[in-house]
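There are structures below to look over.
In what comes next, subunit A is part of two complexes: it sits with subunit B in the first one and with subunit C in the second one.
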Partner chain A sequence: MKLIKIAFKSALNRKVSLSLAIFSIAISILLLLGVDTLRKQAKNNFLNTISQTDLIVGARSSPTNLLLYSVFHIGNATNNVSYASYQDIIASKKVKWSVPISLGDSHRGFRVMGTNGDYFRYYRYANGQNLAFQHGTAFSGVYDAVVGIDVAQSLNYQLNDEITLSHGIVATKYGEHADKPFRIVGILQKTGTPVDRTVMISLQGIEAIHIDWQSGTRSSLRISAEQALKMGLQPKNITAFMLGLSNRIEIFQLKRKINDYAKEPLLAIMPGSTLAYLWQTLGQFEKILMAISALVLLAGLIGLLIALLTTLNERRREMAVLRAVGAHTYHVIILFMLEAMLVVIVGCLVGIALLYGLQSIMQPIIAQNYGIYLHAQWPDTMQIIFLGLVLMLAMLLSLIPGVIAYKRSLQDGLMVKI
Partner chain B sequence: MKNPVIKINNIHFRYNNQTADDVLHIADLQVYEGEHLFIQGASGSGKTSLLNLITGINQPYKGSVQVLGQSLQNLSSMQCDQFRVDFLGIIFQQFNLLPFLSVLENVQLPCWFSAKRRSLAGNSSSEIKQTAMRLLTELSLSDTLFNQPANTLSVGQQQRIAVARALIGQPKIIIADEPTSSLDTDNRERFLELLFLEADKQKSTVVFVSHDSYIAPYFSRVIDLSQINLAG
Partner chain C sequence: MNKNVIFTTLIGVSTFTLAQAESAHQHGVANVNIAISKQALVIELDTPADNVLGFEHEPRTEQQKQHLSDTLLLLNRADSLFNIPSSAECKVQQVKIENPFAHEEHAEDEHDEHAKNTHEEHETHSDFEILYTYDCQHQLSNINMAGLFKHFPNFITLKVQWVNENKQSAKTVTKKDNQVNFNE
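Right, the complex of A and B next:
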């Protein structure tokens, strides 16, 4: 239609102010879609961290705390679980598999986790995916270690490299287990979960490095790595353990049984529901971010409105000429709407292009620093609906200059005397 | 036989219907087919108001305006807009053109809004373009200018483009509102010559308002608005 051509050429004639309006819309679209994408993908990542584990058991504390330290390696356990209780519970016929976890040491900022070979067999993430080795195999010896991909990459580790572990979460010279070095026998493939940033050793390894330690400090007694091997190395405590059940219907029953466990105070949680609860708490923050983005978008739209309003006077003649050649007064309003549409559509496209560009640049950086793995995705249905709403809002706003110009053109008729 | 194309009968017009005085009160004015009518009037004598009534932008509160046998007060504002583009070619004092369209596009504008003008200008878009180019050439515009943006041209050239636009699609009446005021004497004569030549060729009537009595001798009929306007 010719009206679109007129609107387009007229807009081109005012390209400076309109490109600024397009730019501000593009930035706000970028921000809004960016926050939304980040939020959704972070949530996805978060919920994908653990899968097909029916119960996580630790010393009694809050469910969130247990989940955070056992799965996300954030924070610390308040207490340990005795190995005897662990053995007692997994002896139940209901338990299909179990994975013990022993935390508390670190290696150059990465958490060390003591476990056993079942970890590589039963731990699942995302939609039930297994851990897989990029190089090497699971540990078999006491001084063998398996590292996550991020550990290997950021510290530039190869198979057979030797590493030493430190006592506690923060590395200090004082707390170094320097006398008992570990050899890397396996490097895991990328998972997009905290596993990537973990060093995994056997429970016996954990026992060995602490054999000459007492109450968190080194005792005067020195036991060499070789000597330690000959000692029992039977773990007395672990931090937590994961359970898979043969029959999922029995989850609640077992959960209640563990929570009522008489010999020591334990807590069993269902990771899925605790994750969901945790995300709900974090959800407040995401709502605030979304609200800020929405306000930025509003500012962008008001910028568009200003761009349209400031040109009203110079366009008065344009409207009179159009009226003289047969344009109806409602065409005047349509012209402003078309212009707003043009600006918003181009703004949205530029914003989406910016988002994808930025995502592909930022993706490795965000993954490394925050463990959130972004995937370039087409806008989902919600986002497309949202963009449609933005377009409608812009068209509504364009009614303001449109109606002003309409009234003026009724007043002016064909003879504009300026 | 002279056929009236515009009949104005005892009209009263004022800008707001309450207490203001009449701006126009014309007992009788007829414009005949094919004539070149010059309506002369000083500023503020109601020239623009008269043109607004003839083009249907405003309505008199009393009396009737008939254009080509059609009573304008019987038309809705939408029908009025359509009637205007179908049958009237309009030329302003200045700034006739849309600066962001090319010369050729400016000339074709009425054909974009009127099926009637379009069909009279040609059967296809290329024919309409041909017509626009012919008109521009006859109005002595060099074809090197045709695709330039309209605002890069001189005022004299712009006014001739405005004539081409008023003429395209053979509207019955050409309404001109002081189109020569921004031109110098030489350009003014040339402008009138070309306007009359082309209007005669397609048998369009010319209604021309101006304060400038100097150009009155070029016209077949001259009316002094102060003589026929009984208001004020």
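Right, the complex of A and C next:
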């Protein structure tokens, strides 16, 4: 107990160099835990976003691209799927259910997704959970909208509020579909998936807001919301669709049939296996990132060692006096260990605090741009074991200055120097 | 800072991982699709002829013809290629081989069109498509593919995609890492 007090008081005398050491340890801990946390949470997020959907079909591009834009709302579709092809494919007896998806519009930075009522019936996330409404119900009219919980909370929306949608993903004034406002009829419960950040309307709604648009700009012909309703809002295109099969054994047959579809170049993917392939590739990057973080930590620990070694000269007197008043040799070594532990423990705590601080700042930004939700959580067992290892390593390193100091303490410090 | 790096990487990677699953004719590589639903188990093996046969042209010499029929016999022996835990009690129901050189031996009616197609291109590339259908009594936890690598040393990687009642996933199976687990 006394030793801790001495170590602490002694450390106070060298607070500048030690706090720099603490800081460098904190940064490396932040980096290591941050990379690890992000890796785990991103993976969980991805795996939990879609469940029990057998196939996703879109225009022919890469499987990863199709998966990312259709489910995670990352990136954009390369092309559309004609509604006729969609209906042709879902007419197959192999198909049990289907959900069309139409993307491309936004509402104040949130993506708008056109779909139909089957979305709320068949879309599953996490371990097969259904979407549930916190308030209201699914849309029934053309100008009805359902919003995810994050949309409702961050824009402070209630049921029956009116919203206008914008053309394109980036909101611009000129692309506002202001003449056809939508009414919020439902707010979904939190899912922790990109659904939370989505405004959902019917395919007819998507058709209605684009009815007086041609080639991406508004034509001079204006059609009012009421007129549009009478114009038979049959969608011509959708962005992608999800499929559930009556019998999973036929999944590869149907997939091949869609990929060989003659009328239009289509791509059918299995979301689970596409994710698995994506993660296989990312695994390499994870390893590299972890290796870099480990090296940064090593640099931090060496920084600590340097801080301890450079003070050796200053502390000759201190050690000698301690020995003179009856301190054992091991007391000297323990003093150095205590100091190293102090630095590492405080460094770890600061690092963890920084991690949480950074997470809460970055959380909305990452969620908005990448649809990935970070949850602040306690370090898991692996991470705690890891922190323990760091502490042990620091103690081992502190033996070096400890042993040097103990060897010198007697002959050195009390000798009168000329 | 480091978070941004990861995500830029993530998006970057996504644009070049690409057509992994549907990769076209590539020697050494084959696609294996596994579907499990209730009692049924279906394994599809889609491979360039070179992997199983060692050549991709029409068998010309007697030796090559003999080799082709040996290969077909071997491909028929599902048990020696896929090792399925005996606890699942799976029995092979049917093995269907789509042989690119089938017009010499026998052409099934339903595959006429396909055979014609492959015929046109077979001077360059030919593929075998084999469909194994099983009937299983119990839940299946894994399939080991060491047999495939043993009997056909030309295989380097198998791109396995699988689906069962709960999950779908994928794995790149190699000679060393030769097992697909369905409960991971």
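Brief remarks follow.
Keep this in mind: the second predicted complex is superposed on the first by the 257 of 418 C-alpha atoms of A that agree within 3 Å, B and C clash if a C-alpha of one lies under 4 Å from a C-alpha of the other, contacts with A are read in each partner's own complex, and residues count from 1 in each chain.
By our rule, contacts are C-beta pairs under 8 Å (C-beta built on N, C-alpha and C of every residue); 3 or more make two chains touch, one makes a residue touch a chain.
Bear in mind that the values here come from a model prediction, so they are computed numbers and not experimental data.
Contacts of A:274 after superposition: subunit C is touched, whereas subunit B is not reached. In the overlay built on the shared chain, the residue A:74 is in contact with subunit C alone; subunit B does not reach it. When the shared chain is aligned, no partner comes close enough to touch A:189: not subunit B, not subunit C. Legend: residue contacts after superposition of the two complexes on their common chain; A:328 is shown touching subunit B, with no touch to subunit C.
When the two complexes are overlaid on their common chain A, residue A:92 makes contact with neither subunit B nor subunit C. Counting residues of subunit A touched by each partner, subunit B versus subunit C, the larger count belongs to C. Looking at the shared chain after the overlay, A:153 reaches neither subunit B nor subunit C.
In the superposition on the C-alpha atoms of chain A, no part of subunit A is touched by subunit B in one complex and by subunit C in the other. Residue ranges on subunit A touching subunit B, taken from their complex, read 2, 6, 9-10, 12-13, 317-318, 320-329, 413-417. Every residue of subunit B that touches subunit A in the complex is listed here, in rising order: 48, 51-52, 55, 57-58, 77-78, 81-82, 84-86, 90, 92, 95-101, 109-110, 112-114, 117, 165, 177. Per the touch definition, subunit C reaches subunit A in the complex via residues 2-3, 5-7, 9-11, 13-15, 17-22, 33, 35-37, 40, 42, 44, 161-165, 167-172. Residues 31, 34-35, 38-39, 42, 54, 62-65, 68, 74-75, 247-252, 259, 269-278, 280-282, 285, 289, 293, 362, 366, 369-370, 372 of subunit A are the ones touching subunit C in the complex.
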